[in-house]
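Each structure below is given as structure tokens.
Two complexes are shown next, each including chain A; its partner changes from chain B in the first to chain C in the second.
On to the complex of A and B.
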């Protein structure tokens, strides 16, 4: 198990390094950063002055090295717009996003996995149809629309939940449902397909022939094998939730990292955008790594290969 | 306590399909005494695996089971509830399957899977179960048994996995072992070893065995009794020696011609084949099922065929016993 973890860790670091270079390069791919910073009315001299102040006149690799070295120490420079250190800005916004992401994926897994298992036990039964309907609806419904409907019904009509903000845990209920419901259909369908496949396998017949009860057959013998692809999918979904919850954060006025990314792009706040891209990518890398380790624990065949 | 361990009378299995009911098994009878080996022989699709799964109570939900009697020792298998069946399975009736490569759970160690059976049925500690697992792995001829416990199925070869499956089946010292083509998926050299192992173990533990196979060569070496199945019916049953000496159903004789016999089959001579294919069992099935492939088929074969022969050696064919010479098989 340990060699496997070390190998995956090395791979993750390599990917992280590559991603950091790409996210740094983005600065130069979107045109001359000095000109963009100076604004439309700036003269050529102003642009040159800005170029020198920000160090854009040095070779790109030197700039990258310096940026990476500071980034590792947690220094992402200063936001052009907020005039605050990017690191503290992101740290503050990430709290909301991470809380929302963890709640969202938990909600998605807690609804999708039991529903997928129930649907697989009795294919084409009522519960299978209901699960299919829920997943199709979840996939077809845009998040912003679903969010607005929830606000209209639960906040305005019934007055049960606050419509927006992040002050208390009750503010997170609706955003969690919207975000989680977005991830739920894929997880549910994958769980169902995996369970259907595994339940027809020979080793499940062996488990029954041993005299194992149905619960033991389903959860000890079948689910452990069926859940393996779900783990990988959930890791990607989790990364997506942390980086891409912009829509949900906007609808519910939660000022998280996704919202910050949207603002910063609109304002050409390059250090913030760079740092956010790097942070979001790191989340993907970390979750993929964790999913690999979890899968290797679930399936011994992965450890040796 | 009676001597008969398993008794099955008039077992019928029907499978509803889109194009009608598939009469997979039709009215078969067999019984088995303690320590006895019954071999069910037949080609693919003859219903032998379904019959064994019916005894285990592991048929798919869509399959309809009917029987006049299905009794294991003093348990009525037809009326037994799920709890009773679960207590029997793995404990008093154990089963080995055809596919050793996929019959073990890839996610758990050999040790986990072996001890699980014992822990399910007996109130014993984990260390006792572990000791039993090691003892059985040694008994089925696995070296370094203790270190195998922490290995996973994918680390073992097919032959080793089948040995593990046998050890698994024996964990609770069952009274009846059902082996469904246990050697089919293995190399020829391993087949003989596994078979010998099964025979030795049944003798040593006084265990009854139902050996399902399509290989008559296997049957001749191990079985006390033979039941020949064709298209869902038992066409001939009897003591193995008698069935081999005087096969009375044309299908049995056909099967016997398909295998080389040392001393009888000439070198280079072609082996026999049975022309034709198994008839469809969807819809009404009547008369002799083998008549479409039988060289002696007559108009009377369309009628229902009664069982003939004496109580121990029975067969389902209207032809006189002299049919053997009529076929001119000796030539």
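On to the complex of A and C.
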């Protein structure tokens, strides 16, 4: 087990390192970051001054090294637009995004797993068809459009929920549904496929033959085995969801890290954008690492690969 | 020589694999629905100049936000007009061009990158495989929407930039699927036979490997095309994709958003068309997988 964890940790660190280099390089994609920062009306002298102040005149690798070492210590520099330390800016906004992410994945799991199990127990039944329809529709649904429809129906027409903001728990209902629905189809399909697979296996037949009750067979024997890959998929989806929260947060004007990303991209606030890309990537890397370790712990066959 | 029309021959042979494929395809409702809708939208996109009742860019400040015909409008503007008085139906029709073009080209670019990486990793294994797997991990760790938005913001939003950014970001699924398929195929006896008779590596890849992973490639192309279309719409909705006045469905939803309180159809119509196109492409992809995959054969 320990060699597997160390190997997997090494890979995670290497990925994180590469991602950090890519997100830092974004600064140089525009050609001259000093000119981009100074704006179109700046004179040549202004650009030179900015270049010296921000240290853009040094070799790129030196700048990257400095940025990385500060970033490891939790210092991402100062936001060009907000004139605040990027790290505290992100830390403050991340709370909303994390809350939304946890609510979203919980919603996805609470709908997808029961639906997937029900669909697998009775293939081709009405509930299987409903589950299939929901997952096919979910995969084609533009999340920004789904969010706007919910606002039109539940906030404007029915007046049941607040259309935007993050003041109370009621503000999180619609964003949770939109973000959760994004992750639902994959989890539902995997649960259904896993359950079908397990239900056809020999040990389930044995359990039934020895007279175990149907509920016990389904939940104690079958679901326990089928749920293992679902846990790891949920971790991956959680990583994707945090990255995808940018769309949902902008639709519902939730001022989380995704909204911050949108604001800072629109305002050319590169230090904030770089830091956010790195932070969102780190979440994905940590989640997938934990999922792999959990999988290896639950299923020793996974440790060899 | 056996005569293929000979009834005896037919009886012994039964339907050919190609005929079986056709039968399976015709019996798959999702595939047929997907093919019809996508085909229809492709024809509409190609014939846009003939089909569109108005110029999609022509503004008319006297005719702003005319409702569609089913909400009390006139046939002059069947789906009404937007906040600048542009004919909504014409913009929708031209918007199909933007979505399909971006989806197809982005899927093509990412398909070339991902297939090259996946086939190389699956066939050569070892260090090549390790590098490709690592690159896939790095790519998956990067938040797509965020990176795409940032790059488009830096380089400036245009059709070309959006297509290239999406093409360079969406190769991960191609690489994953092509790697797995190649791994499977290269263990077959006919590949070993080709190696034994001394066929060159490019020859083996092109004539032994590629034809046998082609079905999977087609499936991934359709699914990634749908993915690219959704992402373009999301980028344009956030204001950092295709720029106005180009008619893009995502942009139309975004423009209609401010009038959503009084004219919800401005948001509903372009979103519904986008949903329909992506749904149809996904059903087509799922259908192709069911029809071509051996385990789907009954």
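One rule holds for everything that comes next: the second predicted complex is superposed on the first by the 297 of 305 C-alpha atoms of A that agree within 3 Å, B and C clash if a C-alpha of one lies under 4 Å from a C-alpha of the other, contacts with A are read in each partner's own complex, and residues count from 1 in each chain.
Here, contacts are C-beta pairs under 8 Å (C-beta built on N, C-alpha and C of every residue); 3 or more make two chains touch, one makes a residue touch a chain.
Quick caveat: nothing in here was measured; it's all calculated off a predicted structure.
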| item | value |
| --- | --- |
| Chain B versus chain C as contact partner of A:255, first or second or both or neither | neither |
| Partner chain(s) touched by A:243 [first = chain B, second = chain C, both, neither] | second |
| Touching partner for A:8 - first (chain B), second (chain C), both, neither | neither |
| Greater chain A contact set [chain C / chain B] | C |
| Touching partner for A:210 - first (chain B), second (chain C), both, neither | first |
| Which of chain B and chain C A:280 touches, first, second, both or neither | second |
| Which of chain B and chain C A:144 touches, first, second, both or neither | second |
| Shared contact residues on chain A - chain B and chain C | none |
| Chain A residues within the chain C interface of the complex | 11, 14-16, 18-19, 22-23, 26, 29-30, 36, 136-137, 139-145, 148-149, 151-152, 156, 239, 242-244, 246-247, 250, 261-262, 265-266, 268, 273, 276-277, 280-281, 284-285, 288 |
| Chain A residues within the chain B interface of the complex | 201-203, 205-213, 221, 224-225, 298-301, 304 |
| List of chain B residues in touch with chain A within their complex | 56, 58, 86-91, 94-95, 97, 99, 102-107, 109, 116-117, 120-121, 152, 154-155, 165, 168 |
| Sites on chain C touched by chain A in the complex | 134, 137-138, 140-147, 149-151, 153-155, 226, 230, 233-234, 237-240, 250, 253, 257, 260-261, 264, 267-268, 271, 274-275, 278-279, 282-283, 286 |
